[in-house]
Amino acid sequence: MRVCRRATFNAAHRLFRKDWSDEKNNAVFGKCNNPNFHGHNYVLEVWIEGAIDPATGYVIDLKIVKDLIKNEITDRFDHKNLNLDCKEFLNLNPTAENIAVVCWDLLRSKLDTKYELSIKLWETENNLVEYNG
Amino acid sequence: MRVCRRATFNAAHRLFRKDWSDEKNNAVFGKCNNPNFHGHNYVLEVWIEGAIDPATGYVIDLKIVKDLIKNEITDRFDHKNLNLDCKEFLNLNPTAENIAVVCWDLLRSKLDTKYELSIKLWETENNLVEYNG
Amino acid sequence: MRVCRRATFNAAHRLFRKDWSDEKNNAVFGKCNNPNFHGHNYVLEVWIEGAIDPATGYVIDLKIVKDLIKNEITDRFDHKNLNLDCKEFLNLNPTAENIAVVCWDLLRSKLDTKYELSIKLWETENNLVEYNG
Amino acid sequence: MRVCRRATFNAAHRLFRKDWSDEKNNAVFGKCNNPNFHGHNYVLEVWIEGAIDPATGYVIDLKIVKDLIKNEITDRFDHKNLNLDCKEFLNLNPTAENIAVVCWDLLRSKLDTKYELSIKLWETENNLVEYNG
Amino acid sequence: MRVCRRATFNAAHRLFRKDWSDEKNNAVFGKCNNPNFHGHNYVLEVWIEGAIDPATGYVIDLKIVKDLIKNEITDRFDHKNLNLDCKEFLNLNPTAENIAVVCWDLLRSKLDTKYELSIKLWETENNLVEYNG
Amino acid sequence: MRVCRRATFNAAHRLFRKDWSDEKNNAVFGKCNNPNFHGHNYVLEVWIEGAIDPATGYVIDLKIVKDLIKNEITDRFDHKNLNLDCKEFLNLNPTAENIAVVCWDLLRSKLDTKYELSIKLWETENNLVEYNG
């Protein structure tokens, strides 16, 4: 049994590597390398797998997951510039893949080890990623 | 190859255990424990896995799945109070997880054993569960 | 210029009139007249029309609208039984139309008269109403 | 008869006024005033009203509208920082309302006067504006 | 007060005029002029405006609208080739605009004159039309 | 880590087997066997699994996947009659399952073997299939 909680956050970012030339960054990341940043409405699905607790009928109270997402993800990344405001991306290119890894690590560290964790992250309505550790 | 049919049903429910005190039910289930019930538009995805029949090009005719969902799920639960009207939940707390187990069991019992079955159930646009037996 | 804020609430209800016989209520309201109630995830769009304030660039700060919806609508109706828990419907059949009128009146009474108000209310993904006073 | 074409663009922005103190900007615009910017996936609906051309059965060929949106809106604003990269917002606070006015003006200047123009702009899935000149 | 019922139908069509040359049809209608047809999942919203009946709390029972749409629209156009199977389009180019006019006329002729009627028709997720007679 | 790109195409089709009688085709495929065809807005999700490239932070540049889908799928099937215009279905019944197999094969042949490939294909908002080879 897997349960899911969905949330959103809005952030600015820029795709580039400090150790690459402008030419190389433009060739690889194109318009995503705008030095003045662009932004997205990110949509996050947090999937937690476990057994149903026969006492409650829950795998996990989704209120707990909602609060976990707020504390670990949206309070940290919502209305932020991922490159400038978030230490997680000071030396990590904030691609959807890397954002997903960071979110997964943040959630995993606070989640009981009896649960499996998987996340989906939409960057646009046509682009998304899925990560399970 | 997996094929999916989507359907919806609207129902009232209340989360609580008869053998718990009001205090404990409130502490665990919060506003979902309203004794007068609340309700949801449930969205159900029924996923069936199997080989493509070379004669038809179908894994299974989705018209069959549509009728199966109507007979087993929506005729049973749509516009009902899950706690009061549905014998499946007389002694089972109708959490999304337990509703998913009940739906899966109802569908599984009518589905040819050559197929694998998995379902997703949305309780709200932000909360959902997935179950595969 | 019109601005809109969207919100959701989950509630149980039953369509019927106390002063009609069971036969008449069943004939008119069908399965929506289940005496044990059923329920919906209601989706509300609140549309406010006015001039852009040149100081802020806002018609109205949508944070104010968000709080207004919380205080007047979702705190009142979310996870409630509209017929039993909400005095607004003690003598008013909670059809989508009537719920929309009640929501509009509640919001209108708290909204500066310089704004026009219109609302949309989805009862299911296929049924909705629009009301502007 | 009205016809509509939908498009999206992704941009960074910050809500603030240069002529206000930090304190006042924070008080009015809150987290939207992050000096390092945040961002959104904007969704634009362009609605054009006119008579059906009996020769073609079109009010207007939506391919023309698609190209108009690309030339006037998405090439200008997609993957940009509205405050820093776009001269339209150098002295205009890029609220959803002001972005809608700018988009409407840009489209209106290129659209035959026989058509009426109206636009909707989503900033998030819960916040949107509508403008018709 | 306006109420809305949503429905879908799937059909093939081709945009062209019999009295135009192939060259002109290709120049005007492009890939929509494929002589072998292409197709769409059309989404129809039927909006009906009227007063709330104080007896029922309904503007109109949406079950009536659902049946009206089935009888007049989906039984007629679903899983059909609009150009070849539907007499309404034998001499009328099945653009979204013209389909909307035909749907509106079919519904209007069966709807009590005390109601105002408006429809929206999606041809794709990015293209739609609105018509109110 | 899996990444996904979404795209759409609009096509006509008919479900039938040339080697079956009209009676048998009607019995098995019902209204989908309309000899004049019907059509759909197909929605395709292309999922690619692989390791994150530490140089770029990408599993694969989704611009590459976007172009791959355009070249292999939408240029081939968009605004086409699958039965008449597309050699892939001259002797293959264009069910959603078979379309998914054809799309998967076309994409697989152009995709680096270091990636796993899976696709989802929506035929309507209620019917979809998933295939991973």
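Note that the chains are named A, B, C, D, E and F in the order they appear, and that numbering of residues resets to 1 at the start of each chain.
By definition in this document, contacts are C-beta pairs under 8 Å (C-beta built on N, C-alpha and C of every residue); 3 or more make two chains touch, one makes a residue touch a chain.
In this text, all values refer to a predicted model and were calculated from it rather than measured experimentally.
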| item | value |
| --- | --- |
| Any chain that touches chain C and chain B | none |
| Chain whose average C-alpha position is farthest from chain C's own | F |
| Interface residue overlap between copies chain C and chain D, same or different (over half shared) | different |
| Rotation in the CA alignment of chain B with chain D, degrees, nearest 5 | 180 |
| Mean-CA-position distance for chain E and chain B (Å) | 34 |
| Where chain D and chain E are represented by their mean Cα positions, the distance between them in whole Å | 29 |
| Residue list for chain E, restricted to those that touch at least two other chains | 125 |
| Interchain contacts (touch definition) - all pairs | A-B, A-D, A-F, B-C, B-F, C-D, C-E, D-E, E-F |
| Residues of chain C that touch chain D when the two form their complex | 1-7, 47, 52, 55-59, 61-63 |
| Residue numbers on chain E that touch chain D, as the complex places them | 15, 17, 28-30, 92-98, 100-101, 125-131 |
| List of chain F residues in touch with chain E within their complex | 8, 10-13, 31-32, 34, 36-41, 78-81, 84-85, 124-125 |
